[in-house]
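Right, one structure below, let's go through it.
In order of appearance the chains are A, B, C and D, and numbering begins at 1 in each one.
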């Protein structure tokens, strides 16, 4: 199943959420298999002021929204998250973050999607999975 | 094992993180079994502008930080998150949010902690678990 | 919401599954809040032949089935698992294992339940959470 | 980092666990990126006697052991599981099951690995992730 929204369309859906606007999430690419987003650096997302590493909760939010927007690209709208797993692999240091979301299974009632977050140098800083409730049934 | 920090001490540790200051996290109670935090409402945490419900990523961040601060109350400092699971039970609507963190097992290398987030009316909106890396070994 | 099945009724539901019969799962108690099961020791569940510790996969299975049977006690039947999280706290050594399951939220489409596994001495060896799909809608 | 064990070597490590012998786990392939295992059908792994579908706990066990054996192929030995996430995508019906394990990050203290289980027709029935404690530090 290909994408229903292009990058501009996905950006409009994404920008409806005030939290996404605060983060400054930008759609970089909408492909058939995956979508790519990026967020700029800002000091308010830091956890450790000495290392200046990004808060794990912000990385978890990026994983959730990248996975959900991968679904939105296919269905035309995001879905409510049932649950999320986030794994933290290394500290994310100052610089633009990239997030990649991918739909694993588009079920009629439950949709499974994966996401990965990379730092500016391309290193994997976090990865995870979430499941979403597809009440409208736009799956297979 | 009781708490090492009192509410004022935990607030100081918590306030070191710019993301916690942006959220406005306040320590409400430090008990032997659990800690309680709260965050005020602000429009930037909204996901759905019609329902005005809180973004799941923000709830995931609250679960992570409440679990980690429950550890900080016992050890005097927070620990790096290995992984996080977050379950979303109902939309969190405008109002002050409360988060409760509790240490489940304080191991020498891995610490397990649970957290729950409640809305202003006391309804459970999200719950979860995270494991943390205890490299300094201040456990049992 | 109280239990719909008593211990004998839950044992009948549980015994329908050949895997439960192979494990020898026995219903110990059906309460309003939680159910308790137990399984006898058998050598085929061992992972490490020197330590004779139980395989993590068997503990994960116990968590899943204890959580699901807590739901069965309320609804009269088990539900299909959407996803499972299992945390392993210490090796489970030879002896009867106890598992406790508890429903956290009985939603109309998704049911969340927790479980814990204890060794014969009462120490917590594993704990976890699973979500289940409630297609028949017997929740609130 | 390539594999340290070949298929015969991994089969020896795997066969040390009585639970693996009971399941009849066979090493099919050891690659640089991933390993593949298979298990034969047996009636004792069934959950639902009418559908004859495999118990979710058995699929969770397969995910855990496939992820752990992907690590064993690299390090020469399996590691203790910290926690596991398992997602169930469709019922696994009678037939040989295939499991694929892959190391995502070989850290010095924590190793992250993914696994997928497929039915005889090649359909994805379950997928998941686990983290393992690398106390000997054989990572990077």
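As a convention for this text, contacts are C-beta pairs under 8 Å (C-beta built on N, C-alpha and C of every residue); 3 or more make two chains touch, one makes a residue touch a chain.
Only a predicted model underlies this, so the values are computations on that prediction, with no experimental measurement involved.
Chain centres were defined as the mean of their Cα atoms; on that basis the chain farthest from chain A turns out to be C. The chain pair A-D and the chain pair A-C differ in C-beta contact count, and the higher one is A-D.
Inter-chain spacing, taken between the CA centroids of chain A and chain D, is 28 Å. Separation between the centroids of chain A and chain C, computed from CA atoms only, is 33 Å. Chain contacts: chain C has residues 82-83, 85, 87, 131 touching two or more partner chains.
Those residues of chain B that touch chain D in the shared complex are 82-83, 85, 109-110, 131, 133, 135. Within the complex formed with chain A, the residues of chain D that make contact are 85, 87, 89, 104-105, 107, 112, 124, 127, 129, 131.
Chain B contributes residues 16-22, 43-49, 55-58, 60-65, 80-88, 91 to its touches with chain A in the complex.
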